[in-house]
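Okay, so subunit A shows up in both of these, paired with subunit B first and subunit C after.
Showing the complex of A and B:
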């Protein structure tokens, strides 16, 4: 008995004393001038070529820079030069872009360079990096940014596949005309080019670095950006530190009308403000929430289960406000939707049936049930904050109306679902996805449509859509750039499976308008075409537009200059940590 | 015994072949096409086919299986399809200090050892006082402890000990050899809390089986004290089931514990396996299936050998 007691006592004392000892040592870390955030899943490769998902792209864009970026504060988004000296010079036919680089931009120091000192960035670095992006051997998902749009790219890729070309083989449309000038020649007008030149995919990497690290380049990111990779422990955390040689770059001097004056407090001051960025991988909501509430994380998207206890009437609750927390709400340029496969002999051929399905689906209820009301009901395929969005547009089939849906079922030839086979709703196997599918099933039962839910692993799910074998499914699209074209292409006839048009919607009028719009720059004429396409999609309904999600972010009182837009991923260089406030507020948490 | 061990090791090969074949077939039936995943939304069929060729998934199944066997023999599983990282490094880490396997083992081994010491001690104690108030009340507590979902322990203890009382970090890991235990202490406590109940009941039953044996009666008749009977005779005779439990558990301890790792953001093997399955990351699945199978068979053999060591009645032929 005594022996057991001794064991228990010594174990407890042992564990507690280790904990106390190390708690004291980690106290020093408490007040660093750093920003710590959490990601729900692991970051893969840190290489612009593989900037495929949001996390990889966000971390990479603190290290790498692109020719252009978005103004941090202005909304709607405005493109501005980053590595480029100015906006591109575009030829009269719109087919040639000439871009001058800023001088005196240096890569971060790395052993790959002579004497470990980062060398100056040149136009050739861009051409080399874009060839890496387009090289079929690299299997990048970002080849679409140039392939089929820039002269000679498809041809070069084909030759590379056959071993008939290498990196020395020039691409007609991607040339460095001198040390500081890039020339891009297009096959046809491509007004979205300026946006893709702001995407991480197109950021430059130095050839010496790729040569030194080979396939391991994914773990050795060396860019020109404000932060350098210091430590990366897979599935645990990524630590970036301030690039000591970062050029003089300053905080914006103009803001959006809706921003408070305090957003310009640092106008004209040198950025970045913080010494360190820590990206923690924390998969569980409770763990993220508790770490945030303890001050271990500085910024957090409110987890679903903590929403009701932290937000009331769209305001942060008093207890949290008293701790200095601040709420930031922004509508994301995204769309969740329920797609229907137009290749299906019944769904694809019967517009009235699709309209009835849309009318019988209560999106408002879904928004409350699954998103804590964090979002707005989507009326069309075009989301807010994007060129082409019209807040006054009302989709005639988006008002939840079961009676009207039942009438349409009669007109469709399936009164109360009679004669209809059971439809399969493909979903991933996560509990929320299955609950959403159950909700859809319940909604459809109101008009006599039977739904069978088929859960899949993510690979099986995407495979079904790719093979055009899914009948009905729910999915989302987040904008790559602020142009409605990025969403309208989801229904373009040439993009059918395996392309992004998983609904396999083909409509001659829609396709004609899409092609016309591609040739036009941003402006009233193009917006009119976008609206015509939106109207066709809203009548034909190959997909039910569901929700444009809203981000609800909490920041601690010591975080300043925070403003979020999902398309702007290099935002950490603008954020400041108020150390006085941190020292005052954090110990009280 | 050596002959026995060699024969058992030789048996492992056909078993391993069977396991690899089943894994391979299962993946091919249910895994989805990795090339579609990797190619992205805008890829053409030709591009996807090129990726298939590159991955080696476009050839006949027997060629693909042959490649798998080659990977096992060379212990080179290539790069992960999901993360593009080298598979062996994903499992064993860039360096030993940060190895996911070490993270898992640092959590599970001490936790399992503590559980074992506590469970055996409490089990002996309950056997000693069998039928009494202490026995009955601890039995009730153990049954109650088993009936509560493991999520409740994790959520509750993380909230109170980690967040509310601030005794331990809420989550994370340090790779400093000392600081590390600060982060592992709470997960270890939870692991012990989760497994103690069932282990106490298990050992109590084992010891109770023993105390009614003739040799115990003889020992008592000889006038030995209860303490000596329990520790010198009962415990030693109960070693076989103890060895079975301990040795068979080891491979599972090495491959980590998903739930605790996930809630405490511990980058161990549990999460690695989970993500690999979720992403149909076949290179990682292949490597982990192989490693788990070898570990399981090795420790099975070890337990058989240990039987013979602790019990002279057991002969290995």
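Showing the complex of A and C:
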């Protein structure tokens, strides 16, 4: 069960860029201590309940905080307390988690509170917020984090639907036993709970704020985090400023072995370092690139068409290096895939047809064309860097083989595509997305399958998938937590639309294995089950695994402490802007 | 000397047009484009415009591919030529629809006046207040991108200018003697509008049509540039220019060059021809040339 951090394949690695923006005019020589990042898609809501895509989740996690977070520098990811005082106390049967809250944590100031001063965070706030998340009326996509796993949740949701319960009706498994203690009781072991408590979905919101703003709450985020929402111009930019009342929190004192010593030069210093964060919405790759080159954005994921001009032999080219730019390369727990809707009467009923489609798609060519050959051809739905990835696995259908695909088409009953209707390929309307769709169309024409490309806006696109109205589409999944389960749940029978299983794949054996694996802690036994599920998915192919993208980021010379992991979204509080360097480097761009 | 009936406004105009060498060159260019488009439609020219070859994507211009290849290894010259077909199709149908709507509403409003006029004026004023590109994009979003949606969207949104002009002409003509004469011998409203007044204002419709044609071609390119135009995969200048904003970063200029060159020549030819046509058809300029 993973949260939805779906990013369309089209937007390439490009979207997830962080960048810096100076609102100053150069003649005044005024430089702001700020970081700004550019997204390729709009942010729909700033509310933990709706933190379902990458963008919403990342902006929200600067404002809201969760009980746990990941250590900024250590790899593989390590969970550490954030709002919690310590790691949870787990009962011997593994079913009861007791979590103590840190004391002295205050909400950000807002007129919803008495005299406008943020009040202290209590355990009740978590229970209230989790009920909001689970409230069927809110239609959150994050209900899976507790539903079916925590005692009494399904029951409460059912009663809420029938109007037999309200927010005062207790949920057995989610209780505040005193002002600072939360108790979570599980129906069965749930080893991903600790990860889920680090996801923005489970961040607390104050009841006063929700009551004051009503439906408008999605535009009025008030959390406990290091940044406060100052300005939000829809489809343009979101401006956050430093929370003046943020508690004393410090930069980590330990680093990963691979990190340079300089990553610890701020060790023990109070965070956040910057005064302002700006999230720009810039749809087009080249606009982002040019803004970055001008220094308006200063951390950027390299757009596909700019690789040749910025990287040579995996090193940054000299004229960019001379400007102070730095290159950061990350292997990411990421998967782009082409999903097919199993509810479709033809695609869903015909395994051989899906296998033929997979065989006829030349992933190597796509990798070259769209990702500059920087990435790994995905053999299965489990990506690298997470528990359960097996680099030696080969998917028999991932070899590009048109002849074999044609044979399978005959076996499927559609020799050379005869008798098949035209399939709709849903995509977003950015030019890269459309190019990818055109490539798919072209590949399918080799075996006689006709594809009609239908571009959509991003909300239209996700809506189609949630409503199970899409036929074939390309999308991506970025891990929410370092466990292969987060990817395997994309095909779990109970997660069908509007859940994350957009393919609407239902397979009794797969579901059985999935349920078994859920009960197991990390280890060989669980990995075996994961691999069995992976094999079913590789044979049935409700989705074609495409590419594990790698992150290529450029930063300007004045950005310090930059380290990226796609699962860590609250990273801006650790980044420092070296003002001296900025004053020196920026005017020369 | 009594003039032959053929030696009408139209004949006169054509004679005047013929004298203007530049306009004739433009006319030939336009005809050449039409032949190119028809040839593409019938599969005579560039039948392999959709042939892909991943091995040669983004190949620079060469003897084999004069304008290079695009990201799918398709011949850019063939794509650009087929873009002509797309542009002319949209131009013809989109403007055609606009002309029908604009002429019909304009003549009704101008001829009947009063409530009918007020209703129609209200309608086009309202439509005119909505920025044109927004209106067209709304249509494209609702109807889904395809060549026909584009024609309908453009047709339904660009008739206002023509409607105004036709309305004004009808107001002028409806009180003229020949109309009164027609009515006195019992000609119906429809007869008075369509057989008597309309032919006398038709030169204006024609000028508006050819002016609209140019702006429709540009609209197609703009909408395709915004991702709201033709169905993906259909060759279109707008799509080629749109892709170029990324391709330029990797030094691929030929897509942009060929699409803009073809569009530039066509639009220029049309504009020059329009000017000449307007002069030729304008009775006030009749004796000056």
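The rule is short, and it goes like this: the second predicted complex is superposed on the first by the 402 of 589 C-alpha atoms of A that agree within 3 Å, B and C clash if a C-alpha of one lies under 4 Å from a C-alpha of the other, contacts with A are read in each partner's own complex, and residues count from 1 in each chain.
Assume contacts are C-beta pairs under 8 Å (C-beta built on N, C-alpha and C of every residue); 3 or more make two chains touch, one makes a residue touch a chain.
This is a predicted model, so every value here is computed, not measured.
> Just to be sure I read the superposition right, which of the two partners does A:52 touch: subunit B = first, subunit C = second, or both, or neither?
Only subunit B is touched by A:52; subunit C is not.
> Could you tell me if A:453 is touching subunit B, subunit C, both of them or neither one (first, second, both, neither)?
Only subunit C is touched by A:453; subunit B is not.
> Of the two partners subunit B and subunit C, indicate the one touching more residues belonging to subunit A.
B
> Of the partners subunit B and subunit C, which touch A:141 in the superposed model: first, second, both, neither?
first
> Regarding the shared-chain residue A:286, is it in contact with subunit B (first), subunit C (second), both, or neither?
both
> Report for A:235: first if it touches subunit B alone, second if subunit C alone, otherwise both or neither.
Only subunit B is touched by A:235; subunit C is not.
> After superposition on the shared chain, which partner residues are touched by A:44: those of subunit B (first), subunit C (second), both, or neither?
The answer is first: A:44 touches subunit B but not subunit C.
> Give one of first, second, both or neither to describe whether A:369 is in contact with subunit B, with subunit C, with both, or with none.
Second partner only.
> Please work out whether A:303 is in contact with subunit B alone, subunit C alone, both, or neither, and reply first, second, both or neither.
In the superposition, A:303 touches subunit C alone.
> Identify the residues of subunit A that lie in both the subunit B contact region and the subunit C contact region.
284, 286, 457
> Under the definition above, what is the set of subunit A residues touching subunit C in their complex?
284-286, 289, 303-306, 308-309, 362, 365, 369, 427, 429-432, 434-435, 437-439, 441-442, 452-455, 457
> Please name which positions on subunit B make contact with subunit A in the complex.
30-34, 36-45, 47-48, 50-51, 54, 79, 82-85, 90, 94, 98, 100, 114, 117-118, 121-122, 125, 155, 158-159, 162-163, 166-175, 178-179, 181-182, 185, 188-189, 262-265, 267, 271-272, 275, 277-280
> Note which residues of subunit C are touching subunit A in the complex, please.
Residues 52, 54, 57, 71-72, 141, 144-145, 227-228, 231-233, 239, 242-243, 245-251.
> Tell me, which parts of subunit A touch subunit B in their complex?
Interface residues on subunit A, with respect to subunit B: 1, 3-4, 7-8, 11, 15-16, 18-19, 21-23, 25-26, 41-42, 44-45, 50, 52, 136-137, 139, 141-144, 147, 161, 215, 218-219, 233-237, 280-284, 286-287, 290-291, 293-294, 296, 457-460, 462-463, 466, 498-500.
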